[in-house]
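Two complexes come next, and they have one chain in common, chain A, joined by chain B in the first and chain C in the second.
Let's turn to the complex of A and B:
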């Protein structure tokens, strides 16, 4: 099945997906037979490991050593030293290719086919070889990545391969590679939308693509976060990414203050709708908190979305949110996040608002009492909050 | 083939319907000598899949037979358009594989793990059943053309509720809260609350206990639970576990769907693969033969006379009520159920709006469920399961609709429901019915647990017929397991747990 064809079949077996283990047909076998089998497997593994180490130490960076590392890594991709060895081998191959490009004599017999392929791709022969090397390794990684989607070293090696390609190949080739990476990471995120390795890698890929093409992908990525959120509201990574994109979006769109207000309004509406649907979801409150933080005059980390913005504007939004969250309590009086948000919002309001503080401060005292009741395990934390509130 | 006459067997299974075929699969590694018969010329029995011409023959065989013997199907008829088949847009007969058993299989059903552990799942393809819909304001007999019925997607989880424009913020909150209750209703924490509401009628409890007052909020829940009777008579004890099953099944094999369907003709595929596995294990298969009568021999075995008048002796005789000799079907009664109307319709459009991908990058579903309210609120709804051409059941550009209802005189209702569906999708030109058949199927409406007394008479075991519930229920496999245990005496952990045969891959990890 090509990648373009839409997937129609459902698989009934799976490894480590959503934390559900494989359906295992046989119980753990502790017989002598099984132990003997296991002993042999351990010996084989150790022999392979020794083999690889010895070869690398003696600087045998041949194709058969590469194959040996492939065998070892397929069995144990967490063994990061072997990834380092693999990169030594690949690096050596790359350097030899680059060197051969400058040296006209002493070249091996060059295959006509290779020259033709290189010309067709618009690459020099060394570049073509490097491209093949990189692509082969990328292919090698794919089944490993699917089986171990949260292994740092696999993602890391992939990054390295892409960086190597970017260094040695012309932009039009590397753009294709990075675009393929975007496709891959979208697939990985479709399989597990909360894999933060995937999200981090995606940002890396997008950054490179933007650099190579000279144009911003903020709009598309913003749409992507919308899709992912619609798929799963609890996607903290998607909400976080969204919060990174909004300030850039507003810059790029070059909008005036009215449109900036509209954007902030739309985001508040979105998160309010989500919060009404499920106020017990912490990742939603984090995003709400982000939106509030953009209204914070003293906050250097969170850029203001509104521009220009006065304390009166800020107070208006905070008042609006206070009212909205107060209503949310109705039917969810046992939700501690709502009380936390009310207190947070009130503190912000008191900083920028004007007028009589006492009514709000009295409400805050009540909310704090509720919070202590609902979540007695965190009594210390509520005491700290109380002290901070200086009521 | 050599004559069967005077042969001796350990187990004789009559009928290759799904329950019997699964038993054959369960016994496929036992080394027992198994004779597996079916009176038809095809596999699958009541769960078979039929090519178009075969379906037409089938309707003739099962025509007006109300009360003839104990056949499951009766009053079958074609409701064709007039004219040559080539003019109607139908493809060749073999391009169709119409399922007599299009039941949904929830991802958490007990059938799927068994297909994995028995190593048969890789011989089948499964596809996702993605979206659930309800149609309210359906066409009634009087109003056929004047009203356009409205179809709404059923929110089946939090994200759907979030996106649903017809629900106001309060309704969103209440619905999510209800679903959260449902997902944990059987835990200790909620025991007291569950005890207090379980016997209440659904409409009342949803209103009083969960603040769900509007039709917009209640109708989708009824649709999700595939409630067969009218909403006035359904109680929470029926509704809640079914919704819980739906929710707990969502996302198990991929985001956005909770049930699967076997490709190429519904449960028929499963029966076929199961029989094949038994044949590989040495089972002998004979089509066109029935267990016409049976008697006990002196040494306690059963002598079975086949329809071709050959006689075999067997230690065990197993079948469903339709496939066992008359003498053993004296226990028929409430377990056999009533005759329910069902129809199969081929439509001239792929009805793509029924099969949207349910999540970013997810699978494209090949199945959809539509609950059509009855115009009369006292009457039960019609349930339609739609299968896209990706299911292999019809050519591209068409789709198949399987309709059923729990109303005894409901044949006309099925047609109206299908018409409502075709109108509500809002396609232009309007999708047409290319071909349709309907029939009555007598079966229990929902799986009834048999006691061992009623299921066994000496060494004749009667397996329960599949219910006509839109969903495949777990009871069937439990029933098969009991029969397997009676025959082999082995303990439960070994049921359907097979090692790979020589030559099969040791490791069936994915990708």
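Let's turn to the complex of A and C:
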């Protein structure tokens, strides 16, 4: 293992971001006082839980029940049933607002200020109320989301709130809500750039904004991935998103074969520069593999970026990558990913290229020997590859 | 730890690990038996929302440890039936709402304890009612929601197929009856979740993740489409991605450039086993890493050496040891 790999391994293994350190048995022997304190906490928690569930069972969907669910969820955001209860309460409030819009008799005590505010926002009074309700709940979620960024139920509740708003409010005000969500999810991803809940939510938000505005955000999102990659090269989530955006981008730009080629070249240049910075980083190699996969008609999960594409094009790119990766070996002879990529490119090249095969085949044998030596963890894989290569 | 079904508080820092690492079977059994006796700890109550899954994990661990009767069968079944809701789904604990995740755990426990007869006795037509709850959650695009509130995830899709298969109510298991779900729509959805690297995500276009790779492969396997869909090329591509999850410590991670965690012994290990490529990682090193996650004094396994143990990591660490051929453990079925 190189020093660099060792450093990375130490970082990966012992950086206890999510792990909870084990405490020794003696430290756990709690004093009577501590036990008493915990007993009280349990009593209070169970009482709150009973209170919430009794109220919901008796269909008490009041503001104070909503507040009680807030208290409980703040203590335990994983308690999915309580999120369901919260939605029942909110749903009831929304239905009452919608009903009041059809029924003018209940409108005697409306504040003039409320009417003015609703008019200013271009909303009816019930819509204004629904908008406030949703906004308040979105606010309630923000500190929870920051504290528990990997809790499925919080993200899920947020989606539900947005969907509810979208159903009941005019597009103009809904767009504002979704735009605010894009800001929020960018902040969440700045805090943890690999949070897959965040990346998934981002796609949901973008999809909805595109639907509401009728225009694509692919260019902007592509820029966003560039920004994320520039701040942390190792962010595979951003590279992955990029791989999803490029084919769309090319379609939307309606570019010809030259510009498509230019795009592919630019991406190869970008990833090659990154690989020179850190050839030990898997994320980068997987993006490199993505670019190669667009040239592989055998990979049905990857669409070609070039139109048209011939075997001569494929051979030319594979040759170019073989040359470029060979150069990376200089000073990084212990980097297993380089040998893997060389073998991958070579196997592809032998399928589409022409000319004398044996010089390359000889090199492949050497690369495989090196790979077996420096990557004993995957010895079984390299044995299978050797059999498959039939060299 | 959000996934802990019961609080594990073990002793022994990692500096005290013995030179010769070995599985402490009796302590592991005692640890699992102790999980339901911690009602004086707040954590026990804060994790009630996944209690039934905790019971499933504990029971599976005991089966692997060859102590299947270490939890009282009657008590387990009483608890499971107390979680059944009028709509045919199960909640995580009595009074909790029905959800796919906990319905699957309940069915898994019933299958493991041979409890389907009691189910039918206590709840006439129980199996079919459960199956209907599950089938009703299938969406027009083939995937499954977790509950009536509509969240979808390939975890739920796998859960649905797994539970229906254990209930023996998949169309392929009773061809003379009309199908309850659309299996080909479900597998079409899974295929749409596959990426260029051979892995699968939560939804189409989403980044590959080992947990999702497991759910998608297992669903394809239950539907009988795994081999025909992937082919040798597809298995090689996915196997390559999966085998790169192993880091020099021997542990496995869930995605590129993430931390190792003992629970990926299951998500990655079973996936590799399903595509016949478990020998693509170093089993000795994996075994060593998993044993370093064990609390040798109080039993239980943690995510990483020196961390707090919990039953979720305990069962998936044990499955990893089982795959790697550790003695004293029963074999496990990857799907």
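Everything below uses one rule, namely that the second predicted complex is superposed on the first by the 353 of 391 C-alpha atoms of A that agree within 3 Å, B and C clash if a C-alpha of one lies under 4 Å from a C-alpha of the other, contacts with A are read in each partner's own complex, and residues count from 1 in each chain.
FYI, a contact is a pair of C-beta atoms (placed from the backbone, for glycine too) under 8 Å apart; a residue touches a chain by one contact, two chains touch by 3 or more.
Keep in mind that this is a model prediction, so the values were computed, not measured.
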- Would you sort A:87 into first (chain B), second (chain C), both or neither based on which partner it touches? second
- Note on the structure: Partner touching more residues of chain A, chain B vs chain C, is chain C
- Message: Output check: A:390 vs chain B and chain C. Expected answer is one of first, second, both, neither. What do you get?
- Response: neither
- Query: Does chain B (first) or chain C (second) touch A:120, or do both, or does neither?
  - Reply: neither
- Item | Touching partner for A:46 - first (chain B), second (chain C), both, neither | second
- Message: Between chain B and chain C, whom does A:187 touch in the aligned arrangement: first, second, both, or neither?
- Response: first
- Pick one for A:146: touches chain B only (first), chain C only (second), both, or neither. first
- Overlap of chain B and chain C contacts on chain A, residues 6, 9, 12-15, 18, 20, 22-23, 25-26
- Note on the structure: Within the complex, chain C is touched by chain A residues 1, 5-6, 9, 12-26, 28, 35, 38-39, 41-42, 45-46, 53, 75-76, 78-81, 84, 87, 148, 150-152, 156, 159-160, 194, 196, 199-200, 203, 234, 236-237, 240-241, 243-244, 281-283, 286, 289-290, 293-294, 298-299, 301-302, 376-381, 384, 388
- Item | Interfacial residue positions of chain C with respect to chain A in the complex | 1-2, 9-14, 40-42, 45-50, 91-92, 95-97, 99, 147, 149-151, 194-198, 202-203, 205-209, 233, 236-237, 239-241, 243-244, 246-251, 253, 255-260, 277, 279-282, 285, 295, 297-298, 302-309
- Of chain B, residues touching chain A in the complex: 112-113, 115-117, 119, 121, 125-128, 158-159, 161-163, 169-170, 172-174, 176-177, 180, 211, 251-257, 260, 263, 357, 359-364, 366, 390, 497-499, 508-511
- Item | In the complex with chain B, residue positions of chain A that touch it | 6-15, 18, 20, 22-23, 25-26, 143, 146-147, 186-187, 189-191, 193, 227-228, 230-233, 272-274, 276-280, 331-332
